[in-house]
Each structure stands twice: as C-alpha cells, then as structure tokens.
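In order of appearance the chains are A, B and C, and numbering begins at 1 in each one.
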Amino acid sequence: MPIVQVKNVTKIFREDSQAVSALSSVSVEIKEGAFVALSGPSGSGKTTLLNLIGCLDRPTEGSIHLDGEEISQLSQGKLAQLRLKKIGFIFQDYNLIPAFTAIENIEYVLWLQGISPSERRKRAIEICERFSIQKLIDRRPYEMSRGQQQRVAVARAIVHKPRVVLGDELTANLDHKTGIELMQFLKELNQKENITFLYATHDPVMIQQANRVITLQDGKITNEKAAFSKTI
Amino acid sequence: MPGFEAKPDPAKLLEQMDYVLRGKSHEMTVTLDVKTKRWKRNYKIHVRMKGIDFVFARVLEPPKTAGQGFLRIKTRLWQYLPTAERTILIPPSLMLDDFLGSDFSNDDFIKLSYFPRDYSSKILNQEKVDGFDTYHLELLPHPDAPVTYGKLELWIRKKDSAPIRWEFYNEKMERIRTLHYSQFQIFGKHEVPTVWKMENLKDKSRQTTITILEAQYDTEIPDSIFNQKQLERYP
Amino acid sequence: MFLFKLAFLNIGRNPRRSIITVLAVGVGLAALIFLWGFSDGTNEQMRENVIRLLTGHIQIHALDFQKTLSPELTVPDRSAILEKIKSLPHVQAVTERAKCEALIGTSEKSRGVLLTGIDPTREIQVTDLKNHMKEGEFLSQTDSRKVIIGDRLAEKIQLHVGDKAVVMTQAMDGTLSGYAYEVKGIFHTGSQPIDEVSAYITLRSAQELLGLDDATHEIVVRLTGRKAIPLFLSQMKAVITSDQYEILTWNQIIPEVEQWVQWSEAIIRTILLAVMVVIGVSIMNTVLMSVFERTRELGVMMAIGTTPGQVIRLILLETFILELFGIALGLVAGYLVTFYFGQVGIGFPELERAFSRSYMSTITYTRVEPFHVVQSIITLFIMTSFIGLYPAWKAGRMEPIKAIYRP
C-alpha cells in the first residue's frame, strides 16, 4: 500500500482574475521507504505538488490519499492535525524558531502533540545523540552554521516519526560540500530507518542521490526515472 | 360741561400729592405699629423733614429702642444706636431691608419722594374710593431707574390730590403690598390722612400701620439739625 | 507553558522595540498616576481646608436655619444634643455658635456681613481660624465688645486694629440691636468668601446682641476624619427627628467643593482617555510590525502543526508580558514621583487671587489615592489587551503556504 497516492490531481490558482494552472491531472504513487526527488524548473509545479501531498493545500480536482486517508476534501483544521502527526517538513530556510535553542526546537513538535515534558526531553536528547549534534543542544539558530541548522531541522522533522518527510530546495542556501553532507545524511536515515523522503529540487547533486526522480514541466509529469533498479 | 374735562397732568398731580403730605417742611409725631407672626412692636417716632432732601427722625418709644435715630440727606441714610453710641451708614445693599422690621423698606423711606425722577405716570381713569372721587394713576419705572417695583398704582383725591391708596407690584407684576390712607384731619393748612395702613399680600400675618398723632407744617426748621452730630446727641 | 516561554524569548529578540513599548506603557501610566496624584492632592486639601477652617465635619441646626438664618431658629434642646454628641465615638471636638446677617461699619462705610458668635475655647478645637490672624489677636473667652474681621472686609470699610465699629442686626424680638465693637484682630484665610464677608464676635456677645439668652444656632462637630461621617450621621439620626432639626455634612454646607471635584475629575478622565489612545496606537503599531516581520517564521510554525489558536495566544502573550512590565514600571515610577511631590509640594503662589474664590491651597501635596491608581491600571490593561487582539488575529489568519512562499 503506497504511502502517497495522487490521482488526476489538478491545481488552479486564481491570481489577479487570471487562472494559473499549476498542476494538470497529475498522478503518482510513493511507496514507504522511498527516497524521491521532484525535479523541474521553477514554475513546473513541483512545489505545488509537494504542498498538496504535505496537507498544506487542497487540489482543485482529483484525489490524494495519504497513508490510506483521502485528504483532498479535508478542512484546514483537519489538515493541520494531519500535518502534525504524519508529515515532517524541512524548508530551505526559516526552519527553526529563532528564539528557541536546538533542543527546544525539537521538543516543540513533541509539545504540539501533547507529549509530557520528561518524555519530550528524552526523545529529543535521543535524536540529538543519534544525529551527533549534542554540542548544538543549547545553541540558538544564529549561533549555528547553516549546515548545522539544517541538521537540527531534520531532527525536528523526524522526531515525531512522521509517515513522510517533505523537503523543498533543502540545499539551496548551503555550500556545495555541506549540501553533499546533508544529502548523504538523509540518505543514511532513509536506508537505516526506512524513512520516506520526498523532496523538490533542481540541484543535480540532490537529484543524483535519489532512488527515483519524477520530473515535472508546466504542471505535468514528463519523466520518471528509477536511478537504481529498486522497486520503489 | 358734561363729557368734557381737561385732563390734568399726572406729574403735576404727584407733585401736589407730595405737597399735601409734606408741605415745604413738617414736624410730626407718629406711631409705627408693626405686627409679624412672632412679635408686635409699637414705636413712637418724632420726624422732621425739610423739602424732599432732609429727614431727621428719633425713636421715642418703646424704651428699649428709645434714642435710635435716622438721618437722611438726599440719598444717604445713617442710623444712630444709643447702645453703640455711634452712627452707622446704611449701605445701598441694605436699602431693601425692612425699616425697623416693618413693611416699609429703607428704600421707601428714602425714595417715596422721588417719583417724578424715577417713574413715568399716567391717569388711567376716575373712580370712587372710600366715598371720594379719585384719579386712578399708574406709575411705571423708567428702564434704568434704581427701583425694584414693576409698577405702582395710586388713587388720589380729585379735589386736592391727597392719597387714598397705593398698590405696589413687584417685577413679576404680582401685587405685593397695599397702602390705605384714611382718617383725614386738618393740621394748619393741610388736610392729611392720619392713618396709613400697609398690608403685606405675600405674608398675610404681617401688617404695618403709621398713625400721625400730631403734625406741624411749613415751620422753620434750621439746616443745622440735619447732621451727624445732632443725630448722636441724645438724650 | 511552552508558549509562554516562547513569548518571553520572542520579546527579547528585539530589545529596543520591546523596551520602547514597555516605556510607552510605563511612562503613560506614571503620568496618569501623577496626574491623579495632583488632582487628588488638591481636592483632598480643598476638602480639609473647608472642614478645618469653616464648617467642621457636621453641623446641627434647627430646621431651615441654614437657608434663612432667622435669629429665632435656635437649636432646640441643645444640652441634650450636646450630651448625645459627646457620647458618640469618633467625635474629636464640639462647639456652638450663634449666627446672623448683620451690618458692620462706621458712619463713612458699612457692609453687610455674616456675623458669627464663637466660643473661643471650644472653637479652636474644632476650627483653626485662630491660625490665620494677620494683625492683632484672636478672640478670647472673656472679650466682651470685640470683633475680628477678614482683611478684605477691613480694607473695604477702612477699619484697622483698635478702631471701633458698629455692628447692627435685627434681634430675635424684632428690634434693631447694635453695639460698638473694637476691632481686635484681622485675619487672612485666602478665601474670598471668608475674608470679605465674615466677622466674628464672642458667642456671649452675639447672644447679647440678638437677645438669645443662652440659646445657640449652630452646633459644630469635628470628627476624627471624613470616614467617620456616615456612622456619626446614622447614630445622630436615630436620636434626632427631622421635623425639628437639620443635620448637615460639610459638603452640604459648601457644596461647591464636591461639585468642583466632580468637574475636575471628569476632565482628568478625559485626559486619561486621550493618553490611553496614544499609548494604544503606539503599541498597536509595534506589535503589528513584529507580527509582519515574522510572517515566514509563523508560517513555518503553522506548517509543522501549530494551530491558529496557538499563534493567536502567542501574540497575545507577547503583548501581555510587555504590558505587565510596562505597568510595573509605571507603578513604581508613578509612585515615586507622586511620593516625592507629596513631600515637597508643588506651589502656585501667583495664583492666590484666583484660588481665593475656591478654598484651594496654593501649594499642592500630591497624594496617591489607591482607587484611582487601580482604575488607571485596569483601564490601561483592558485597552492594551484590546489593542493586542488585532495583530494576534491577523497572525492567526495566516495561511502557511502564503506565509512561507510569499512573505
């Protein structure tokens, strides 16, 4: 059972009384454990597709199933609840709450879910250890490098064990070396812990790391490639 | 001739009335009986008046107030109190106060002589009052005259302008007092009413009566009497 | 709560802006406290001036005496009343007076006055007229034909200490009564109604002048303080029937004081409102700015699952914390300033003539009236909370996508 099922999804934006078609009848399926890149030039619709899968927006037509649940007709409130439970987000920047330390940022998601303070702390420390970022625990975002910030963001994105982790242009603000490090880190997580990753990018490095690449152009899927011959 | 009578000049009538009561000068002994809700007083006062500008009065009875004196020169009024052995000026602000607690005000004591100056008069009609043929006059104060009456009405005898009755109206045109003259007697060349009764229509429990016991008209009264020293010389 | 911690930390991110907001609230509140302090100080002194100088706390007369001043309206059963008064708690001192309208002057000048016969030994325990003597001396118990007058009156009728004047009035039996009195002293209270229109002789002289025997017109009571008035009134009214007596409190005798107080407090409340509006606008501006600056950050928070309600609460908390600091600052600053001027006083000696019609002192000692302070704080609090609603609501209405991708 695929984690994500997108069927004939169309998304039309109304802007200044002009209708812009961001996605046209797109269908795709993502299985658990996948490490998928959405590629395409800007305006291709990859970000829109990501947002729809990530319960940040609703399609104009078509259906989306996340973890078996139809999400295309849900209310904003319900979508927010789903995001909290099932999705992890990593944005290209502004990921972290600047006022909080690294560990507080990680705990925040757990707090949103209503987990007790002691349990929160335990899990947060645990993941920091797993990611080897203990020394960053009490640092604030402005006291960290971008690479470090992204790592903490990843920790924050998966600490609550979401079904899918979504990323948008993760490496855009990183230098080449750090970008590669991050991608390898994510790949490791995907392989070791079977965490499903779906990320939008036009960075060739990121595209290279993917097991599967879905290319979009003008709101349609134009190409699909399995980088490795793995059934995904 | 029936139906035609020369209309007399009201101002002249008032002058005539004044002369009837005051003459060129006079010396009188009067009683002033004041009745209020709580007390009654019977004063006996000796008065000397020269022209319209000079008045000298001395209270003779009752013993408690005997010796109190009043001096008026033109519009100023002084009072002498034997208990204080001094004279005090009665300021304009107290002119409306009752004279010796009576229904006549200090102002009446002073102003009754100054009608022509402060009022304009006219004859309303002729009536018979108390058996006399009278002229019924109406007096209205000049706009800036310093008087507190809204209107005065007067009945005087046709034959000699002796007053028979006054009616006093306040600024709201309510009739507040009535003054009745009666009991005419002759003193020398003057026939004057000897009983003057003032009724207070706003407070029915009050009444003031002036009775002339004896009077001498047009006697020679020296000017030297009308001063403070004389006022303070008592007994 | 986590949100509270976040709110607190968020405030610290832009210290300058936060401090300015706190200062706006704090200075505004301090100004209000001081303004009230000035007003309350002035008004309190005004009340005490009247009570101490003129009226005492309570006066008891025969019915209608206050209005008519008729000499025959003496206090019925005065010994019994005095006994009763002395037995009540909170009574500091009692005295009696005779009063009438009289004429005072010489053959050159005279004036109508309010003549009061006072009992010197008892009077000085109830009022402090004795402290206002400018020339000569206050009356003493054994004086017989002596009078003291206000300085304006002395000026108007040209009397000096040592001169003799006639005091004349209508006695109780209707006759004109008057004696010569020597001017023993001239007083200056600064209040025109008293200095121009009042003359005092001893109670016994007044009784002689009016033919009163040992009757009096006015019983004046000094209590321990204004707070004791209601209790005293209720206890007195149980004994005194209202068809024979009138019991008057100081502000029924001189109602102008409380009327003035009402009016001036209304003005202060208007100023209060204006200050609030100004503070409100500046806070609204600040909070709005801080919300708009954090659009993307808030968007990310909502994306990862923060509900709009939580966002609203966050913004409100931030406003709330700033408010609290501001109010604390304002309280402390306001108290300090008001306390300082309460000790030192603020003087307007140039305004003495203007104040002379109103019983106000020319030096105000500011005072803190807790009721007004609390009122100001509550109003400020409600206002800032209200102001915070709009930015908070705006923050909660953000859509994560729009916030993140189109800041």
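Methods note: a contact is a pair of C-beta atoms (placed from the backbone, for glycine too) under 8 Å apart; a residue touches a chain by one contact, two chains touch by 3 or more.
As the structure is a computational prediction, the values presented were derived from the model and not from experiment.
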| item | value |
| --- | --- |
| Chains touching both chain A and chain C | none |
| Leading chain pair when contacts are tallied as C-beta pairs | B-C |
| Reference chain A; chain at largest CA-centroid distance | B |
| Nearest-to-centre chain - CA centroid comparison | C |
| Whole-Å separation of chain centres (CA-atom averages), chain A against chain C | 69 |
| Cα-centroid distance, chain B relative to chain C, in whole angstrom | 53 |
| Centre distance in Å when chain A and chain B are each reduced to the mean of their C-alpha atoms | 116 |
| Chain B-touching residues of chain C, taken from the complex the two chains share | 72, 103, 105-112, 164-168, 170, 173-180 |
| Partner chain C, residues of chain B touching it in the complex | 34, 36, 38-39, 41, 64-65, 68, 78-79, 81, 83-91, 93-94, 100-101, 228 |
| Chain C partner contacts - residues on chain A that touch it in the complex | 47, 51, 54, 56-57, 77, 80-81, 83-85, 89, 91, 94-95, 97-100, 104, 107-109, 111-113, 156 |
| Residues on chain C engaged by chain A in the complex (per definition of touch) | 2, 5-6, 9-10, 12-13, 296-297, 299-307, 310, 400-401, 404-405 |
